[in-house]
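Labels A, B, C and D are assigned to the chains in the order they are written; within every chain, residues are numbered from 1.
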Amino acid sequence: MIVVMKQSARRPDVDAVIARLQELGFDGQAIVGAERSVIAVIGQVYPELQGELEVLPEVHHVLRVSSPYKMSSREVKPDDTIIEVRGVRIGGAETVIMAGPCTVESEKQLMTTAREVARQGANVLRGGAFKPRTSPHSFQGLGKPGLELLAMAREETGLPVVTEVVDPRDVELVAEYTDILQIGTRNAQNFPLLQEVGRSNRPVLLKRGLNSLVDEWLLSAEYIITQGNRQVMLCERGIRTFETGTRNTFDLGGMALAKELSHLPVIADPSHATGKASLVPPMSLAAIAAGANGLIIDVHPEPEHALIDGPQSLDFPTFEALMTAARTVASAVNRPLQAPIAV
Amino acid sequence: MIVVMKQSARRPDVDAVIARLQELGFDGQAIVGAERSVIAVIGQVYPELQGELEVLPEVHHVLRVSSPYKMSSREVKPDDTIIEVRGVRIGGAETVIMAGPCTVESEKQLMTTAREVARQGANVLRGGAFKPRTSPHSFQGLGKPGLELLAMAREETGLPVVTEVVDPRDVELVAEYTDILQIGTRNAQNFPLLQEVGRSNRPVLLKRGLNSLVDEWLLSAEYIITQGNRQVMLCERGIRTFETGTRNTFDLGGMALAKELSHLPVIADPSHATGKASLVPPMSLAAIAAGANGLIIDVHPEPEHALIDGPQSLDFPTFEALMTAARTVASAVNRPLQAPIAV
Amino acid sequence: MIVVMKQSARRPDVDAVIARLQELGFDGQAIVGAERSVIAVIGQVYPELQGELEVLPEVHHVLRVSSPYKMSSREVKPDDTIIEVRGVRIGGAETVIMAGPCTVESEKQLMTTAREVARQGANVLRGGAFKPRTSPHSFQGLGKPGLELLAMAREETGLPVVTEVVDPRDVELVAEYTDILQIGTRNAQNFPLLQEVGRSNRPVLLKRGLNSLVDEWLLSAEYIITQGNRQVMLCERGIRTFETGTRNTFDLGGMALAKELSHLPVIADPSHATGKASLVPPMSLAAIAAGANGLIIDVHPEPEHALIDGPQSLDFPTFEALMTAARTVASAVNRPLQAPIAV
Amino acid sequence: MIVVMKQSARRPDVDAVIARLQELGFDGQAIVGAERSVIAVIGQVYPELQGELEVLPEVHHVLRVSSPYKMSSREVKPDDTIIEVRGVRIGGAETVIMAGPCTVESEKQLMTTAREVARQGANVLRGGAFKPRTSPHSFQGLGKPGLELLAMAREETGLPVVTEVVDPRDVELVAEYTDILQIGTRNAQNFPLLQEVGRSNRPVLLKRGLNSLVDEWLLSAEYIITQGNRQVMLCERGIRTFETGTRNTFDLGGMALAKELSHLPVIADPSHATGKASLVPPMSLAAIAAGANGLIIDVHPEPEHALIDGPQSLDFPTFEALMTAARTVASAVNRPLQAPIAV
């Protein structure tokens, strides 16, 4: 950390800061500049120190020099983390496609979709059983019966399953039925839930919070990793900005930055990011070109009858066309689509 | 709802929408305009209907006509809700002051502060025992021993206590020790937690999410109310915007709008909104002038030694000066500070 | 500036940065920390240096230590700037009210409003002749005839006049007719226009850009001041955020911060900030309580017939009630409303 | 437009709105719903009408049904606009690369860069002569001598030139020397400047405002088109959001939406959007995959000595590698890079 003094600070003010630092077990090195003095803090700092120093007299502000995250940083682990789920390798040289309905609605809807996305070459099946909805008056998902349907679909198609968990009390139950635990955007800073999935041995798909800085997203990953679970994927799904023409703002620059700063795999969710089926194909290709290790796509047999998020769901022919285009673009950037598992 | 057709839509497209509406149990009334046609949906609509209609052919978009919330709306209950907590009336003609340390650190720190804020006329004691921290490496609060200290402080000062709960599994425990359950900004859309406090009989201080629209804030309140707990206070504590000069952007306009739309009391938290002690007094007075039913303020005996949020905490002399100024401004707008309870 | 090296940097990398600094006429002082090294730059830096250093090998990033603005900073001039306009003192111990129609529509509309706001005690008359409109299909203001009407209203009421200028080629013309030149939010970074008003001898009301950081707002003021015109008022009128319930987000915290950092007077515009007449009175009082040196308010004889911004304009009875309340609150915070000039 | 009445509205309130509409030359059709009544406005509405209706008694709010822009909309002109500049076709089946230094610094710097980008296959040369800088203390560009250098570079390489104009008084001068006039992000709503370039016969590269909605971006284009100049390209260069890890947030979803709504070509500027050279290649490929008609890239012979925006400039080897990758991805999405003009 660097303590920046006010212009009005005098030598005794600088000395007082250094004395306080020593009291706290650090060393301080003063540099007297043209306009003002600064003090470099020597030692293994902790985040709170910033506030503790900012309240001292004649201190202007305190600058952080290091990233607040450790375990998710490439400075600690330079090489990419690869996560393996029932034979699917996420984070390596190949691109992975996760697809399925936003929400599990019925056996027929799920099984039809699961078969179709498997047929088109998807690697993972997505589907929501517990849905966090903005309004309490909206459909909240099927719950446990939804999990059972997902397990049935996995049985038939061989696709590993990713589904959201919203309550720390449900982690064990959801982990029993599925292969990847999804943390949704509204729970990106639900720390008890992060810790609970961190104590599970299931890989986690961690969606970025609607208002999370890239740094905070990595800190949320850190909550999971520090509990012992290192199998975390970062999922960019759009942030909230002033723009209302799209549902959210798809921050592919933020995703590329996360990949540069962290060794964890990054997955892109163009369906929730744009909220508009017509924008999903171009944004899917963009995400692959930007370096995503995978995509997660909403697909529905009849988007016009979907209970949730119909406007952003692809129908089967559009998904098929997207897979063809994705295959070409992924190869063009030397991260070909991963071949689906033979069942 | 209003279905807006594309300019290219023809009569059969309009008829198809109306047929679909009738299939779903609604009526549709077409209006042929100069540029395009629109269809008014007649009947008791549900939020999902919007998406179901937007995917129909030749539909441009669908506009919502009504607010999505009901129980928290003034259209349903025009008169102000007043919440009573151990003799303190929140939401009525008088302004209430909640104050105390951001975090309970020790018996001495809490008791000193509790006595001082009581002496200055605060009505409620605040203090955090469970702290949601962005980094897992930061101090997470004292937990249960913190709750016990809060109960001890209440015993001595007579002030009711507000403290945060972050885990649905802790609601019962926290409710046992405190008078008001606080839902923090990161949990504003943690729906299992909202439902759990909705099943408690304790009043709830619901902080606005960093990225919550006013409408979504009221929907979060709705989650609590629909479980049977109508004692909800809305707390504006700053939203996240591009401005980084202040910790958050204190949205007093959004607070005033919430008060106009909803019958629930509104509380302002200038400490977390600005993150800077020097801005807390002017913003406190601004909040009172804007119509806040109460303030919640971070106070610490030695901000320079606070474990959390020292830079935004007021020391005792500054808090005393603020109380004097607040008293004058609150009287000037005819919502005088509520007299503290005699112990 | 502080150069933060990567963790992988070695001594020769640090030496290379110091050598480059010396080449550029600076000194560099290395501090070897627990995790990484940093280098303090000694000398009178310029903003571009940051980029020049960030591209050097093994540099992680470069931190700015000082504010980029000088002339508008309290570090350069600690005492408040007071601007005098035809006997009205802006920036001193008293609060000033500017009021009038958003747009000059007709002689009758302007004169009626001017007389009324004068009668209620306003100090300055506002009114737009050149209007920057988002759509080219919208009414663009009366232009020069509008200026003539404003001059006529000043003649009769004695109130100095503030009006917007949108084109550098119009500055001379507008300055001829009015007392204060307003720079609108869309022109907050229109640097040729800022420089042109900087070469005029008229006081300037500088609205904050919809997306301006407080720092950038002060830099825009700096553009005017460096041309020789020190009579700049900062006007907070709302920033653009994700919230759509209000027209903009009224950032009173940012206004208070600007007042803390700068010696220039701050004026608040609750009309444009909220876009909603019902929110203007509470936000006006809030702005006064937050320390605004003045308010600027849209008033219209018949808001329901206003050509522009009717929904945010106060009618006469509401403005009268607001003036009464403002008088009380301004006195309560010891910055009473300035008595209007006797004509 | 649709007028949404309050729940408390009665029949006479509805009738009053319809009477007012008829007074203004419209028709109104009332629809009585379950919860409230709405009134459809029949006739050719203008944007101001919304405000005029929102102030009527018992009106809740007024919804706009049509887009506010016309000339830039696909509803008016469904087929893509193609702009031809000295043999380069922008907006057609091929992807165009614009590249060059952010700022013209010297003859040597410009000529070296121009030759290199031409050699690598760029189609257009970019370079700034008039620079809008946030601080008045920063380098403002070479001005007219910069334009002369650009013309010289065009002479030698045959590449058409794009450069920014910041002052309406300079449009004629800049148009004399260059082929494409660039409107920068800070001038996206500088209406006199937009109108001036609209009166020129040069194609315009219109950057999106830092805080422009897609709708407002198209309205800025409308300002140019309504003056007679239909040769407008839309350039996405990042918007301002809460994220600070990248310089701006590159909104490729907004770009794709603009392309869907408008017939104008879309160009992507990953250099300014990310502000970080390491993110420019992945974001360039992403933009092509998302459907951009072209890219505009900062290239500098020695980024570490650039006067402006060095951290985001590519050096020659990186640009060469990017061109190779771009060629592959552009072909993969069937919009191959346009062959450079033979000189």
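Operating definition for what follows: contacts are C-beta pairs under 8 Å (C-beta built on N, C-alpha and C of every residue); 3 or more make two chains touch, one makes a residue touch a chain.
Not measured: the values here are computed from a predicted model.
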Between A-C and A-B, the pair with more C-beta contacts: A-B
Greatest separation from chain D - chain, by CA centre: B
Gap in Å, rounded to a whole number, between the CA centres of chain B and chain A: 26
Where chain A and chain D are represented by their mean Cα positions, the distance between them in whole Å: 30
Distance between the centres, which are taken as Cα means, of chain C and chain A, whole angstrom: 38
Contacts with two or more other chains, residues of chain A listed in rising order: 211, 240-242, 244
Footprint of chain A on chain B - complex, ascending: 46-48, 51-52, 54-56, 68-70, 132-139, 166-169, 186-187, 189-192, 195, 209-211, 216, 219, 222-223, 226, 240, 277, 303-311
In the complex with chain B, residue positions of chain C that touch it: 211, 213-215, 238-239, 241-246, 249-254, 256-257, 260, 273-274, 276, 278-279, 282-283, 285-291, 325, 328-329, 331-333
List of chain C residues in touch with chain A within their complex: 2, 4, 6-8, 29, 31, 33-36, 38, 40-44, 63, 65-66, 75, 240-242, 244
